[in-house]
Each structure stands twice: as structure tokens, then as C-alpha cells.
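As written, the chain order gives the labels A, B, C, D, E, F, G and H, with residue 1 at the start of each chain.
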Amino acid sequence: MTRELWKGNEAIAEAAVRAGLEAYFGYPITPQTEILEYLSKRMPELGRTFVQAESELGAINMVYGAACAGVRVMSTSSSPGVSLMMEGLSYIAGTEVPAVLVNVMRGGPGLGNIAPSQGDYNQAVHGGGHGDYQPIVLAPASVQEAIDLTVLSFDLAEQYRTICMVILDGCVGQMMEPARMPEMRPVQRANWVWATDGRMGKRERRILTSIYLDPVEEEKTNLRLLSRWKAIRQNEVRYKEYFLDDAEFVIVGFGTAGRVALSAVRTAREQGIRVGLLRPVTVSPFPVEVIDQLAERVSGFLVTEMNSGQMLEDVRLAVKGRAPIEFYGRMGGVVPLPDEILQEIQRVAAGPLSIGADPRADWFERMTAQN
Amino acid sequence: MPAKGWIEVSDTYCKGCELCISACPQDVMELDITRLTPKGYHPAHIFKDGCTGCAICGLVCPDAAITVYREITKAVASAEA
Amino acid sequence: MQKETIIAGFGGQGVLFGGQVLAYAAMDAGKEVTWIPSYGPEMRGGTANCTVIIADDEIGSPLVKNPPLAIALNLPSFDKYEELLAPGGTLIVNQSMVDREARRDDIRVIFVPCNEIAEEIGNKRLLNMVAVGALLTVLPEITIKDVEHALEGHLPERHKHLLPMNYEALRRGFEAAQKVPA
Amino acid sequence: MVTSTINNLVFQRPTGFTETPTHYCPGCTHGVAHRLVAEVLEEMNVIDRTIGVAPVGCAVFAYNYFDTDFVEAPHGRAPAMATGIKRVLPDRIVFTYQGDGDLASIGMGEIVHAAARGENLTVIFINNANYGMTGGQMAPTTLPGMKTTSSPNGRDVETQGFPIRMAEMLATLDGVGYVVRRSLHDPKNIRLAKKAIRLAFETQARGLGFSMVELLSTCPTNWGMTPVESLKFVEEHMVPAFPLGDYKVGAGVGQIKL
Amino acid sequence: MTRELWKGNEAIAEAAVRAGLEAYFGYPITPQTEILEYLSKRMPELGRTFVQAESELGAINMVYGAACAGVRVMSTSSSPGVSLMMEGLSYIAGTEVPAVLVNVMRGGPGLGNIAPSQGDYNQAVHGGGHGDYQPIVLAPASVQEAIDLTVLSFDLAEQYRTICMVILDGCVGQMMEPARMPEMRPVQRANWVWATDGRMGKRERRILTSIYLDPVEEEKTNLRLLSRWKAIRQNEVRYKEYFLDDAEFVIVGFGTAGRVALSAVRTAREQGIRVGLLRPVTVSPFPVEVIDQLAERVSGFLVTEMNSGQMLEDVRLAVKGRAPIEFYGRMGGVVPLPDEILQEIQRVAAGPLSIGADPRADWFERMTAQN
Amino acid sequence: MVTSTINNLVFQRPTGFTETPTHYCPGCTHGVAHRLVAEVLEEMNVIDRTIGVAPVGCAVFAYNYFDTDFVEAPHGRAPAMATGIKRVLPDRIVFTYQGDGDLASIGMGEIVHAAARGENLTVIFINNANYGMTGGQMAPTTLPGMKTTSSPNGRDVETQGFPIRMAEMLATLDGVGYVVRRSLHDPKNIRLAKKAIRLAFETQARGLGFSMVELLSTCPTNWGMTPVESLKFVEEHMVPAFPLGDYKVGAGVGQIKL
Amino acid sequence: MPAKGWIEVSDTYCKGCELCISACPQDVMELDITRLTPKGYHPAHIFKDGCTGCAICGLVCPDAAITVYREITKAVASAEA
Amino acid sequence: MQKETIIAGFGGQGVLFGGQVLAYAAMDAGKEVTWIPSYGPEMRGGTANCTVIIADDEIGSPLVKNPPLAIALNLPSFDKYEELLAPGGTLIVNQSMVDREARRDDIRVIFVPCNEIAEEIGNKRLLNMVAVGALLTVLPEITIKDVEHALEGHLPERHKHLLPMNYEALRRGFEAAQKVPA
């Protein structure tokens, strides 16, 4: 396929269509609305299902229903709308049906603004819904990655009967880049052994539910979810690395924060600073092993996010106090620029760094001092 | 001469709620206090003649515990007609 | 090679499309490119801008603080980007909408009367193409031909009849910029 | 003259049911509603292609009793889930079975919009004037002055509002093909209820839009009455507050001959 | 005040009343409903506001409104209901108004069951709503603590203009214990400088909102929230310790899991095992310092929860790889019994323990082996 | 005979407004609705004890324009927030200002229940047949066949449902004191709209229950029309689909003399 | 003889939407294309006599940009009456 | 001192109130105490049980697996708790509802015909008090007086007239249990 110039949001919509999306349910919200608008035209053209739901609550439960019917289904939204889906997501997880949800994150909390943000990392990765469950969470940093990960999200969701979220910020959603679309996959319904699509003379009735009155049964269900999660952790970790081989310092950042860091890393390299970049592509499962190994040899980590340090905790869990960790974040829709990250790299490279330090607290002091 | 009918009440389903009893137009039903269902209820039963097989008991039963039969008598030509 | 350009102006001046044409041209020329608009709240009117980055390798940040290149189609944008431009950079300014001289001397400022030229050509909405033409004088990686192909390939059907005018706008802008002493 | 006698089976448990006894309290008319639905699905011969959506409420386990595929929706969201199913499986029969807390309180948005969109769904709406499953709290349908565990001094309309008549409200929507209210308090009304349920499913089968049957039902346990007293309460107090009748019968539906 | 036998749920309701609760908005859900039912009688008696909302969504936004009006307000719910409040909570956080929310957690995910659980720890502590914000989260383990922490929650919420959550499991909610109620505090409205209670001829108009279109302004708001959070971390950490002085091993558990562990610890002590118990009372802010100090001297931690290991991560963050950590959890509404915990203590005491180990993974293996 | 001439001020910007110019597009009748509310609050002399609740929608910044206390609600939840405020401050005047996406789509549950509870609130409901703020997507009130960014081929009632008439629907609820529909498309109707808004606030002031005025309004930007054309569109297409009139005027309200 | 009136249009608020112009019964309003408001709009103004001070322009203005005055003439007793 | 007791039986047998009376008595006697019911889903009927723990110091787990003391008011409870009881423990069994002997010999099982005794007293709903009385023979920390005070203090007003009968039930249960050879 030749390269075409795609806008992130529309690329995600078309990629989902190519991946065999059979039904879309969504509700308008900036900066995600282009996905819904694109599909409002595209899906009916193809004779597929498009419904603008009455709300995100309605949308996620329509997704839940269609997922139970065994078709490829997706919803997309942005931060406040995704918060309204937490009950539904917990039900979907508890019912063990596959579903894809895209969150084009915006500045928060509350109504906040529509600028690019990564403030929903914890909600997505550590489960904003009630109860124990872990979704797969993919974090594209470019339009091409947005396309590839959207397609992947459907396969993973079905393979593991789980929720697969794609989280990106407004930058990736609004940006245009050359990208290649995959071939159109035919819509075929896998004959899932679990789908409640009507007996149709073929089989015994099926039930899909998330209620297990007997705690022992519910615990078994939780263990079933955990065993899938174990497989996911073993098989599905994905990340991109830049200049890590000889890196003395490692920046860890996902999505836009990651690619902004790449620019800074290049300049720093020109200035002779041996810094590398690790950009998690799956933030859940989190690339623990590679960080674990890096922690053995590098002299410091710099975590950069467009939030107050959410992924930071996962990095700290992986590093286990073996190397100093520093943090730089911008919040509320502010996108860090390469110059800022470069300064941070220089600061970190200059040292001294302390393992005992609380990176978040130190960062807060710097932020409030400078303001 | 009214149709003759009778019913069977399933011990698996009956919960002794008495709705059938109060609905039966012939007042031929009552709870059988001499028996307990596995769930520990006194099941309903017919305690005297007069059931017409009208099936009203079945209609009002919330637990689909009742089966109703009716005896239908009709003339047939004799063999050597 | 990596070059960052910011195009800024009023909402109606075709800022975003100007940037997209550049992006299409770069893509067709086999380059890596990013185009990103300043997307604000649903506020009508006001100024708009977009950042176009053209490079040989994978592009990192889609945004820059101090671009080496910029197009300012109105006064507020001139004020803003004259300040932000990287030293040694070049700023294309739509002379038709600004009434002042340049302030910095460590950058090159090229004044082009985009509106007038566009009106001469016969369609004042072409002022963005005039500016893009002018920009190409300092963006040798992209040729006028590249941009013309981009327009040919990506101008909406209903506007295809305007292609010749667009080509002329590019050329006139290019020439006007060349005339300006370096 | 010779006569012969045949024994006719005139009434039995519908085959649309599984063999599981229900968990409902003795005399609770949830059971009657279940049976009527099972009978209708059986008579229409659609058991095989029906998918039910259970609510959160006493009917949460409805999926154990019908011999059809079933899903269990979050509290109030059954119409949304049913929309998701019906849109991708338009040739299936999809119905939700919801209580008054589920449908008229937390699920108001979903039911109104499913109706407004004219989704080809059938909704069985059990109005028992309280939240049965959680122990008898006030519902939007609780009668003025009625004592519940969350209106201990009787529902005070000044502070706790007035009962909502869902059938009347939904009847104002163009997407609705069939919406009626029936009651389960005596044989005659049970027969009428069944006819309505049949018509509702026929409405769906013919693609004539959204259909709902609101059924006045009992909750002996939380009302603190015997099942028989409960039926009286429905007749004497609920029917006057929730008049039985056809609130909307779409043109196409009016033509249906059974 | 004399001791009275109180049921946890009703004790919370009465304690809130004594603390000057002016308005309650809630929706029934087991195992929390007694709180709502109790207040449906009590609040009107006192001429205060009780509203059974149409849903948890309605309830949290009524709370939001009343909080903006400057009165002491509370809602209570259980897991699925709390998930529906995530958007509202994020708005309340972003608007910087005080509000109290009680979550009597039940088995999940999804509809799950109504048995006691601690599965919503992450949702409460790490923010189930979108954007960056940190609520205060209190975790009572007894009826008396439920009373005291309910009262405290109002004071903290107002002092820091924040959300204060009280999370407990069905055990504490359903249990009866002797407890002392505080005196009835008079309802008085503090004259908050921020409350939108009408100008009433006294002042300029006020606006309460969570929208900051300019990312820089939104970032300032985030920093304001973080500065409060800093103060909260410094001043409000609370925990209870048992037998820590000479402890070689430390169990960390909150709520019911913590008090079940206490029984096991006592038996273990009788068997000569030098084990102690740390029971966090504020799970947010988390008692990092005390764990930090313990990590310097103890030879192992055992974290026990009624979930799949959520607080475990916070313990690991505090321990920073300086001591081995083991985990034992029950899920889906299963309450661990002292005997189980005792076995775990014995296992841990017997050793060997490895710092490198992944406590959650190891626990999962044990759970699935035994099942 | 001597004559003297006095210059009378006959019309001016209401003092109920702040000095901030609105962010609305030129000719958008959101501005007219704002002005009418400000005039009424001024005439009733309640600016000082009024608390407004802004929606999420183009009116999200309403709080910048009224000289009263204001809060900003999550999308659709304004009636719940207003309930929270009014219940603890019963002597204040509390109103919500909501768009049709906010009130009739995502906020359906909250508006219906605020009305059913008979909350003493006033709701100003701006029906402009689309989602203005997010760029003109389909709203529950979008007319059949109307093109929007999420109904690019025109609203297809088969798949996208039918317009919801909120005033008619809410009129079925006993808690409602006053619910009417007016339009802002010409001077006469603007005058009638103002009278209705006044009556709605008087209903609240007298504790006569829930009051709502639905206002047919324009969205020139997303309709792709000039402001003047937009008014014509309202008159020719919206008024027929959303008939103007009084849908419920409670007994007490009927008596109010202004 | 009709009442005489006049109006003031505020440059701060006017957005040149023309609603007042199309509503004015006397057709005495137009956009002043010779002027731009700070926001960049051509403001409305009266371009000829005939304003009656009916205030309809003010009534329809979405931006409360218009102030309307009317001249009222009435008889008064002469000084030495 | 810490002693755990589980009281189990059918829903209607006053299991929960029996436990609460014990809890009140313990509290009034200055002890620490926890009472916790088995709370299942909203299922009507079925068996109920509650755990009462009485101690001198702060009580840890409100639940136990193998209690030293238990009351079984019906057969299913007898079957269940005879198995679970801690070795050396004592099980009070409502003889009126069970038709079998004890199986374990490492625990003490005291059979008391609670229904009959209650009916003799004139109110069969008192069977729970009979059982509690019997329990007191092996729970010396709580005296009959303590329980009587608890009843006095906490029996709902409308039942106060039943106090004397309750007292008698306690006594008769106590005596019946004492008669059983240890």
C-alpha cells in the first residue's frame, strides 16, 4: 500500500474499518469527534452498524451487547466520556467478552480543556472500574502506530477475551502524517463458543453474565482473568527503543511525550550526552523486563509524561531502587517541547542523582519554584 | 353435566402461595398441610370433586407448577352403522 | 535534514490548507512529514496556525518552540513569530496585512504582498499559495513542481478548475520572494 | 349409543422454560410474567432465535429460566445492551425484562432513547412499586403515601416526588410502535397481559418499532402482605394510579391479526 | 458517651449526622443500603435534606451541587455504583469543593456479588476518574473506626477542599460492635470564601467550574491540587501498628484483611514467630515513611488484601527492593480466615525469601496450584 | 401652547448582565435567550439571590455573562446539580440553562427525574437541533432528513431515530408546574418567550414545582446559514416539527398575574 | 406625526449579524462597512431618518449591543397659567 | 480471654437476635464483642447464621473457621458445625429438629429440646433463648443475669411484656443443659 497523508483520528476510524469493525457505538466529544463523524459516513456505506448513542453510558453498554453477540465492536471517546464508561468496562471485563475502546485524552480533571494530555494513564492501566481486572492498553505515538495498534487491538481483545484500550492524546489524534493503511479485511464472524447470538437450532442456550453470587465462584472467575493476564504479560509486551545500547541515562515516555523526548535525545546525543529513549507501546502490560535489565546498568532514568507522574510509578516498581529516577511532566493540556526535555536531560546528566529521592516531590518543587 | 377435569401440582415448583386456591372458581383446592415439598412448602392440591379443568389455577400460578387435564366425552358411531 | 515551518494567520486565510499542501508535497517527495494544527476550543474566528515538519528520518516532536521557518499572514502572527523564530531563520510576512518593519536583525524577514498578488491573479483566497510559493525560496528540499503535484493530487474535485490559478500564485509568490534582497 | 372419553391436556408448564425452579418469593407475579413470555415465545416458535436481556433486580436470574440465550445487563442499561445485540443480529428476537427501579429510575435515559430511536426491541416492564431485590426501597413508581424502607413515613410527594407513568410518557415518542399497560392481578387481566405480550413481540417480528408492555406486579415480601392480599392491593391501589390501557398502538400494529 | 452496640452501616450514617451532615444524596445498593435507609428516616426528622436520587450519577452530581453551595454533604454507595460516579468525582476534584463519599465495597468485577471485598482500592486511591487528582481515602477496620473516620472525613474534606472517601468492606458494614458516638455537632455553615450560595447583597458573584480552556491555567490548577496533596501527605498519614518494635516480619493489611491478620499475628507470636502488623488507616495518603523505615530493618513483608494485590504495589513502592515482599489475597468476596494468614506467616517465616521475586505472580501460582 | 421634549431611554442592555461580550457566533440566538433571562431576573429583582447552572455545550461559559453566582455542571447533569443546590438553599432562585444534546440526550435521566420530583427549579432549554459546541453533530432534536456532521446523508429515522419533543414528554409528569415551548425567530415570539421565562421563574418563586421553557434557537455556524436565514429555518422547519404552545400549566401557575 | 427615536450600537458587543437590520420595521439600519469593531466586525448603525424608537432592533439583538431612545413630546401649562 | 460462638438455624428461628442478645450481654459485662451475620444475596428463606466473639482485648477477625462453641438449631446446621467445631469444643443442638446422634467424640454435644421447652413456656418463638440459656453453661464469662439485663435493655418495647417468658426460657435452657452429663 502507498503512503497517504492521514489525520490520526480518521486513520484510527479507517483502520478499524479495515480490521473488520462490524459495529460502532459512540458519542461526540472533542478531540475525538472526527472518529465518530468519519464512521457515521463510512459504516453505513458498507452496510455496517453505526449508532450515535444517547451518551457514553449508552455507548459502552451497546458495545457490551454487541460484544456478547460476538462481533468486532468499538467505541471511542475522550476523558470525561471514558469516566462514564467505568461501570460498563468492569462488566465487560467480568463477562470476559472482547471489546475495543479508544480514549483520545484531554486536559483534566473535570471538564478541563481539549488540549492534549496523558492524564488518564492510571484510569486506563490500573483499572478505573470497580473490582480486579486488567485491560490491555496500547499507546501509539504516530499516525502509523495509531493505525497498526488499532488493528492489533481487535486481535488481542478477541484472543484474550479482554478489553483492549488505545490511549492517545490530541496531538496524535489531530496530527497528519504519511501512513500506510492495511488491506481491507473481510468481515467474518468467528464462531465463538461463548457468543450469545441465538441458538438457531444449532446448540444449547448460552448465558453471558458477570454475577457470581457465590464468592468462591467469583474468585475462580478472578483467577481465570489473572491467568489470561499472565499470558498477556508473557506474550504481548511491546516497546520501542532508541540509542539504548550504550545509554548511560534512559528516558522513559509514551505517546507524544515519548516522541517529543526523541527530539531532545537526538540533540543531547549531538552534545555528547549518552542518553537513550524507551517508549512503551503497550503501557499495559508494562515493559517491566527491559527496564529491569536497564536498571542493572544505567546510572539514571528520566520519566517524562503529560501528567503528574502516573507511569512514573510503574517505572519505579520495575527499577526497585537500583537506579535514580527523575521525573518531568506537564499537565492540563500543556505539551512539553524538546527544549524543556533537553534541559532536563542536561540537568540529570550533570547530576548528582539520589536513589532515595522522591522524583515526583522534587519535580513539584521545581515546577512551583519556577512558576 | 359439567366437564370433568383434574390437575397435577409439581412438588418441584409449588411454593404454597395459595394464588391458585383463591382463584379456583370451584373452590376445590387447598394446601396439603400433610405434606412438605423439598423446599419445605405445603403444596396445593385438589381436596374434593368438582374440578372442571378450567385451567384458571394454572393461569395464575407464578411457578408454572400446575398441569391441567380435562375429560372430553363425545359420541361415536357404533361399529355396525 | 529536518526543517520546521509554522504557518499562522486569521482563520479565513487558508493557513491549515497551506500547511497541508506543503505536507503532501513533502510526502510525495518521499520525505517524512508531520502537520499539526493548533486546535483550540470551539471558538469561532480568531487566529489559527499549523506546524509542518519535513525531515529525512523519523520525526520526533511534531511541535517546536523556535522554528527556523515561518509564514505570518497577519500582524498578530508577525508579532508572535518574529519573536519566536530561531536565530538565522527566515520569516515570510504577508505585507498586505502588516504596517511595520521587522525588529530583529538576526533573522531574515521577507515581505510579500500576498493579498494584492492574489487579487491580481483574480482570487484573493489564493493568498496562502502565494505565501507558500515565497516559502519555497528558502525550502529547497521542496520544489514548486512538488507542490503543484500535491495540489493536483489533493485539491478537492470541485476546486480542480482553480489549479492553474494556484500554480500561478505559487510562481508569483516565489518570484516576489526572490526579488527581495537577501 | 356408544360414547368414548379422551383425556385432554389443557394446560402445562411452557417448554420455553428450563426446568429450574425460580428464586422468586412465593406468590410473586414476576413468575406469572415469566410464564407468559415463555408461552408467547413458544407459540411464536422463536425460542430458538431469541436473546433475552436480564436486568439488575429480582429478575437478575431470569436467564436461568428461559430456554433462550441470555445476557445480564448493568442496572438500567438493558435497552442499550439490547440495542447493541439487535443492531448486529436484526433477524433475532431481542427482549429486555426490567423492573421499575431498573427501567424508570437509573435506566430512564436508555429506555427513552431506545424508544425514540424506534429500536425493534420488546421490553417487559415489571412495575411493582418498589425495589424488590434490595429490600423494598422507594421506586419512581411507588404510590404517594406508600411506606417503603426509604420512605419510612410514606412517600411524601413534596420531597420525594410523584410516581412516573412510563407507558404514558413513552407514548409521546414517534419511535414507539406499541406501548400498553396491563396487570397480573386476576385471570382476566393475565389473559389480556398475554395478548399484549404477544402483540409486542409481533410488533418486533414485523419491524414495526419499539414495543413495551408495562405489567402491574406484586411484591408480597416487601409489601408485607400475603400473595393473595397483594393481588387485591394491585387491583385497589395500583390500577387506579396506573390506568390499564393501550397508550400507543402504531398504525401497522393495529393491523396485526393473531 | 457510653458504649452502644452499633451496626457498621448505621454507625456511619449516625456519625455523619452527628458530624453535621446537612444533605445526603444516594441510591440503594447492597451492602450499603442500610446507610441510605437509616438516613431516609433520620435526616427528615432533623429537618435536613435526604434525597434518594434517580441513580448514582444523579446522586454524585447532587452532592456536587450541594458542595458548591458550601454545606456538609455525603453520598454512599457500593462498587458498581461508585464506578458510575467517576466523572462526577473528577469534576468535584477539578472544582476544588469538599465532598465525602463512602464505598462499602463488594465482590467484582461487574455485578459480581455482595460479599465483602477490597477490590476497589486502586479505583479509590489511584483515581478512577480522568485527569490528575488525589482524594483522601480512609479505611476503617472496626465500627468505632468507621464512626471516627466518618467524622474525620468531613473535616479533612473541608480543610483541604478535596474529596474524602471512606472505603470499607461488607464485614465492617454488617458487623455489630460496641462503639461510642460523638456528641451531636450543631449544623453551622462555615462562611466559605468560595461557596456559590447566592450574593445576597453581601458580595461579588462567584463561579465554581472545572473548565480551564487555557492549558497553562489548567496546569496551575493541577499544581494547586498538588500543593494541597503535598500538605495532606505531610499532615494526614494515619496507621495502626501491632508488635512492630521487635518484629522480624511485618504484615501489611487494611480494613478487615488487617484485623483478620491481627488474629493470625497473635497466634504466630504464641508460636514464637516475631511478626508484627501494620494496618494503614489512611490508604491515601499511604503510610510510606513507616514502611520505608521498616524496610531498613525487617527481613520480610507479607501484604494481605481482599483483592489481587492492589495496595501491594504501594508497599512495593515504599520498600524499593530493600526487603522481600510476599502477598496473600482472596478475591471476589472471599474473606480470608486467620488460619490462612497464619499459614502464610509460617511459610514466610520458614523462608527462603527472594527480593527479586514477583509477589503477585508467585501468589497466583500458589492459588492456582492449590485450586 | 408650550411643549417640552423629554428623551426617554426605552431599551438598554440589562443590568443583570456582566460587561463581558459573549463568545457566541454572530447572530446566534443563544444570546437572545441569555438577554431575556437577565431581563426577567432583573425585573423580578432576584439577581442577588440567583444561582445559575451552566451546561456543557456552547453555553458552557454562560457563567461569564450573568451577574449571579454560577456553577458549571458535567454534560447533562445540570438538573441534578441544581437539585443539590436548591434543596440546601430553598430560598434561592436556581436555574439551569441547557442545550438539546445536554438535556435531551445525555441528560435525559436527570431532567425527567428533576421534573418528576417536582424540584422547584427553572430550566431554560435551548433547542437548536444539533450539537453546536462540538461542531454540529446530530442531536435528539435534529429534524428528519437534516444533514449534520454525524448524519452526513441527512437524519435517517429508520436507523437514527425520531426527534424527541421534550416539552410534550415532560408534560406527562405530575411534578411539573409549568412547561411550554416558545421560539426566538421574530420579535413577536421573542416577546412571548420572555413572558414564558418570567412565568417559569415566578412558578419557582412561588414553589409551584418544576418549570421549563423550551426555546427554538438557531445555530447559523453549523447550519451553514446566515443568521437571518437561520431565523427563517426556525420558522419554516422547526416550528412545524416542534409546535409552540403551553404543554402544562399547573393550577397554581394559571392564577399568577403579572 | 410618528414618535422620533434613535439608537446607539456598542462596538464592544455588536458582531454585525444583521438581525436588527432585517428586523427594523423602518428599514433605517445597515452595517457600517466603513468601520471595524475591535473584534473585526462591521457594526450596525442607522443610515437614515425614520427611526421611531420602537426598540425592535434591541429586542432581536443577540448581543445586547443596542440602546434605544425615544423623544416624547407633551404639552405643559405655560408659566402664567 | 476470647471465645467464638456460631449460632445457626433456619431464617425464622431467631438466630440473629439470639446472637445479638449475647453480644449486648457481653458489652454490658464490659467485654469486647463482635457480632456478624452471614449476609447472602437477597434470597428469601434458607439458613442463617451469625458469629459472636467475646473477648477481653481488641478483637481481630470477626470470623472463625473452627469455633470452640456453636448452637445448631436445625439439622443442616448440626451437620455443618459438628464438622467445623474445634476439638474440645461444645455444640448446643436443638434436639427437637434433629433425629440423629453425635458423630464426633472429641467434642461435647449437648442436646436440648428447644422447641418443646419453648412451647411448654407458651411461645415457640423463644426456642432461641432456650438455646442461649443452654450455651451459658459453657460460657461462664456471661451470666444469666447479664443476658437478662441485655434483654431488658434491648428488647423492642412492643415485646417487653414477653420479658418474664424470655427469662424463663433462658433458665430452662440452662437447667436442661446442666442436666446433660459432661
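What we mean here is this: a contact is a pair of C-beta atoms (placed from the backbone, for glycine too) under 8 Å apart; a residue touches a chain by one contact, two chains touch by 3 or more.
Keep in mind it's a predicted model, so treat the numbers as computed, not measured.
*Asks:* What is the touch distance from chain A to chain D, in steps?
*Replies:* 1
*Asks:* In terms of C-beta pairs in contact, which of A-F and E-H ranks higher?
*Replies:* If we tally the C-beta pairs in contact for A-F and E-H, the bigger total goes to E-H.
*Asks:* Taking each chain's centre as the mean of its CA atoms, how far is chain D from chain F in angstrom?
*Replies:* 36
*Asks:* Counting in whole Å, what is the centre-to-centre distance of chain B and chain D, each centre being its mean C-alpha position?
*Replies:* The answer is 27 Å.
*Asks:* Please report how many Å separate the Cα centroid of chain C from that of chain F, as a whole number.
*Replies:* It comes to 44 Å between the two C-alpha centres.
*Asks:* Among the residues of chain G, which are close enough to touch at least two other chains?
*Replies:* Each of 39 in chain G touches at least two other chains.
*Asks:* For chain C, which residues are shared contacts with two or more other chains?
*Replies:* Correct list: 40-42.
*Asks:* Which residues belonging to chain E are in contact with no fewer than two other chains?
*Replies:* 30, 51, 54-55, 57, 80, 87, 91, 95, 110-111, 113, 209-211, 213, 335
*Asks:* How about chain F: which of its residues touch chain G in the complex?
*Replies:* Those residues of chain F that touch chain G are 1-14, 17, 19, 21-22, 24-32, 35, 38, 186-187, 190-191, 220, 226-228, 231.
*Asks:* Taking the touch rule as given, give the residues of chain A at its contact with chain F in the complex, in rising order.
*Replies:* For this pair, the touching residues of chain A are 27-30, 33, 36-37, 40-41, 44, 50-52, 54-57, 80, 110-111.
*Asks:* Hey, which residues of chain A end up touching chain C in the complex?
*Replies:* 3, 5, 30-31, 113-114, 170-171, 174-178, 256, 259-266, 335, 337-339
*Asks:* Help me check something: in the complex, which residues belonging to chain F touch chain E?
*Replies:* 47-51, 53-54, 60, 63-64, 66-74, 77, 80-85, 87-89, 92, 109-110, 112-113, 117
*Asks:* Along chain B, where are the residues that touch chain D in the complex?
*Replies:* 5, 10, 12-13, 15-19, 22-23, 39, 41, 53, 55-56, 58-78
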